[in-house]
């Protein structure tokens, strides 16, 4: 997940699902669909086997990609074309429409796209429906497989087979304002008030204390009162990911693995258990430590505001780190500290229906959204070239180039990306003090209790329902308990519609249970 | 330059009969005026001839050839619309040129130019040739519209109230010139107007249209002197002809306790008509006269019109101003000149023959 | 022959309007989702709609947006139109200025208003603080969020009303107004007796157009509040969009569309009826007086 | 009832002068027409009297009260508009009643007055109709009724008949005149139709290009036009204006047209003509109305002319003739024998000749 809101807001809502419904809705919504229709010309030409010709001469690879990730593809396009003789046609699709476009294209067998670059959360659904190619037969030729971060590797397996090529790593981490935290006066004041040292929060309670502490006075020195926290609490955006990330510490119990979203034995939703309720209460509690507008912020607006400098704490993917380096919009370059998502000393146990309390902090970093992956369409007529292009995008050299270039929407996902901070300092990002940043990212990716996002089919609907009810609780119209109970209710219905057994089987498999 | 025959033309708009059983026949080169009140069917008749409106029934012949099924563009008619219908994006010259350039006309450029010149001079718009319609006054636009109809030779020229919006001076001079021009071109012309003076002045023959029918088709003199019925009689002439109803078999006219002996009339006579100039008016009691009260007087230059209430009637009298000065409410005496009366039957039809 | 000629356009119309409508109707009685085929579930979707708290809120919101927004836009637009119409100089410039909001893309409108209403940097907040008032959470309080959307919608679409009403005003004959002045009527009376009734046809057209458009309110909400907080500013189109096309619940979304369509039709009809009644009543008073005096013999001699 | 006085009234539209220094007195109860072609300033003048337009300079008095700054409602004038200015959304009843409603007259009184006026104008059966449902003639009468119902001190009528068809125009002309005769209210009537002005007015104020050309009774205007404009604007067909050479002879002052002697004037008339002509190369403009020529056989002495068109007008014929350089129109009895292309001699009536200065266009003399 990178750079721009999860729910991209297109200037005209593009309504592009099953064409016909759209006609009516279009007239009602006052929106107009202008979906680009790429021409498919994926035929393998005779030239492919001729002597002296390049490997994929005359082939055309059509790539469907979420529009804000396109530069991470385009920057390598020309080189690969030159090398292989193939043509690459990039179809940029606004993120909001990406799922529908891919699904429609795949399910109608239009064979529009050879490569889909999309959220790894959808891999299981597409793989199960045989929309995307099992890549096992290609993987032996991949030389840098081992270098991929473990958790990212796992995202690519369905039924023990790999279906994608990784292009991005997504984990949510915490940010704080190093400059404010290291100020002696602040430190003393904080200690006096809360009885412990001011430092990056390790529990959500500390997070809340710090947020409170930095709210309502001018610690940044710009003459206006500042805020303790900034999170993306707006509707229809990244809210569900941030909220799930907060819930993980309370609800991802290492004793009952794979129980963050559902009870893996019954497929009963977990999201209304006291762990989640606590997380929601926390989330509501920090509203008063941020600006009122926080209630409307998506990921993009949150990032833009945070780097403007009036907030002590934030939660986000790797993006805030990169955005803070841009001196044109950021006032906090070099003032940023990082931490693995705070944890909790109590964690809910769905089996005993009680809190497991401990002096150890339960940390459960959250791989929200999972990152951009590329798959080859099952119907592609040029699978070899498609694989080759994806592999090229993920080559050791190119992936490093991509993750250190701003605007590519690709974040580190290979161990080599974390190893050499100097490379980051020298890259176009000109990252200042990349060491701690990379350290926290790497750690978040590799803790034993790091949690995957919900990846079973209909994850979008689960997410939307959760968002709707959580928004109500945030607005104060209903209680947190009520909200999550209603959400759980709706989740049950969605699960039933999709087929409970089928969902359970896949959920268990993806969570590593059997 | 065709003869035209209209045979039992009928035009319905829904249930509304705009033209009913209209018949008319004219020779090549004749100047025909369709005279009638607004709504009488004048414009509709022109549109039927041009096939802008579709006939409900009836036949139209040009030169004895049935042309019912020939589309407008092939009828070779030229038409000036009352609403002008100029091309707003073209100059006056281009507007005039357009009919000459139509496919199949093949008029040499020099002749085109000569025709435009001639028409522009005739209509006094030569100095306006390079302007666009939006830069013209209403009267100028009407002249351009008229010019567009006159500029090319056509089987029939149709002019729908073509000079209605011009000032009096131009109207007077133009109508003579227009007729002269059409005569030179040997053009068959249909011309509509609600103004009887215009009609009698310009027409070879007038067709008086009432309720979508031709009531009388004759030379101006005949229409004026021998109107076919009461309605025709009251359309032609200003002020209107006075129409007096007669009791059945009456031998005298009784008004305001006085009576006038009538000339011998046929038994079917229902009305007599007297033109306003044919009634004498006296300020003092006069033998052989009926009494009336002045309703209003209207002096106009050398003449005056006096309306007099006499019994149920409001009679128009036209006389010289020197006859006397009358004021509203004054009692006067009237004496018709029986030698000039028109006699109509009960249905309003003219009775033939002399009665004096 | 002539009827044959209009057949192709008719078929085309049928194809682009009736068929999709029927398709949507069909879809609305299934549980089709974007991921697969659905099966017939009768009126379940509709039944569910009426117990769906988000839908009901969105429905109510939509109606309120239409009623409040269009009312505000109408009176403001009318006021501006009258003002500009009475100006002697600078009409062109002021007209252009008034029309500007309408021409700004919704994305920018959203950004501008978010900034204007921001409780930290916004000039509106600045104004409140300047007056020693507490800054108001325009976009984040459920009620105020709703009000803000009405304000922004009004800001953006009053120009449209203005344009229609101004055009309407300019096409009114001048003479009745001069006659009324000579007759001795005050400006206020002239407005109520003449301007307003004579402008009614234009007003009806403008109100109908804006009402139907308002039912489709989408972009401003999408960009400013995203339907929040807690669904307080949701509209039916926004819900329909998210339901059908974001979470792929096509059957349910189709049912929403059908309800929206029905509501638009019913409300537009209602508006027409109400306005017709108004027009009819306007002349009733005079009619009654007339009846009264024609009924009884008069103590005057006819001249 | 009231008198109206205009004192050097000027109306400027930007830099254009619409009305130029008009001074005029309208006596109490008079019917005065403002007559002139479109754009001559007659309507502007009336609108200034009504208060619908600002007065740029000068003063307007109603009775002896200066009304420049009074709004229309304060002047107690009633006006009928060229396009009637009816209230389209109101019934005819409400239209007529409106000025009374506005003045908060009691409903009983309103009803009585409206019906009284409606009967006077024969529209009492149509009062429940809307303006769009009735003919132009009825609208015209409603417009008048609305003006009459108020019993104002001044009536202002702006081309009230211009949109009626000929029949109706002719009968309404009479009705209006009678109405004025009956109620005697001071009336100002704007028209471009000389016939309307001639038939109805006590006084006619002829205007052109924003300036007052002549004020007088219809007879004065017709028989003694003050200048070339008035002479040709009044009377239909228009007066013939012919160029004549002036010479003094023992018998008197001889006018020659086309090198043939035309008339010899007596000393009195002749002197004025002679004096003007002396300053203008010996040339004068002779005005002869079309009925004031007699058509005689060509051997008779008179203006030699060739008939170009002969147009039948009913009682008379209108001849258009060429006299070499000029074109002349003559209205003659219908039994006149002259046909197209015939040569004739035109003999003028000596007591109906008018003489204008070529340069200034001002009347020099009238031979009556």
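The letters A, B, C and D name the chains in turn, as written, and every chain counts its residues from 1.
As a convention for this text, a residue touches a chain if its C-beta (ideal position, glycine included) is under 8 Å from a C-beta of that chain, and two chains touch if they have at least 3 such contacts.
Only a predicted model underlies this, so the values are computations on that prediction, with no experimental measurement involved.
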{"item": "Interchain contact steps from chain A to chain B (minimum; 1 if touching)", "value": "3"}
{"item": "Interface with more contacting C-beta pairs, comparing B-D to A-C", "value": "A-C"}
{"item": "Cα-centroid distance, chain A relative to chain D, in whole angstrom", "value": "90"}
{"item": "Distance between the centres, which are taken as Cα means, of chain D and chain B, whole angstrom", "value": "26"}
{"item": "Interchain centroid distance [CA atoms averaged], chain A/chain C, Å", "value": "39"}
{"item": "Approximate Å spacing (C-alpha centroids) for the pair chain C, chain D", "value": "54"}
{"item": "Contacts with 2+ other chains: residues of chain B", "value": "none"}
{"item": "Category of the chain touch graph - line, ring, star, complete, other", "value": "line"}
{"item": "Contact pairs between chains, per stated definition", "value": "A-C, B-D, C-D"}
{"item": "Residues of chain B touching chain D in the complex", "value": "37-38, 167-169, 172-173, 175-176, 179-180, 194-197, 200-202, 220-221, 224, 236-240, 275, 277, 295-296, 298-302, 305, 307, 328"}
{"item": "Residues on chain C engaged by chain D in the complex (per definition of touch)", "value": "173, 175-176, 178-186, 189, 193-194, 197-198, 200, 279, 282-283, 285-287, 289-290, 292-294, 298-300, 302-303"}
{"item": "Contact set on chain D toward chain B in their complex", "value": "37, 165-167, 170, 173-175, 177-178, 181, 195, 198-200, 218-219, 222, 232, 234-238, 289, 291, 308-309, 311-315, 318, 320, 327, 329"}
{"item": "Parts of chain A lying in touch with chain C, wherever the complex brings them together", "value": "7, 9, 11-13, 15-18, 20-21, 23-25, 28-31, 96-97, 99-100, 103-104, 107, 125, 224, 234-237, 291-296, 298, 310, 457-458, 460-461, 463-465, 468, 471-477, 497"}
{"item": "In the complex with chain A, residue positions of chain C that touch it", "value": "16, 19-21, 23-24, 27, 31, 33-36, 54, 105-107, 114, 118-120, 137, 139-142, 213, 215-216, 218-219, 222-232, 237, 240-242, 244-250, 253-254, 257, 260-261"}
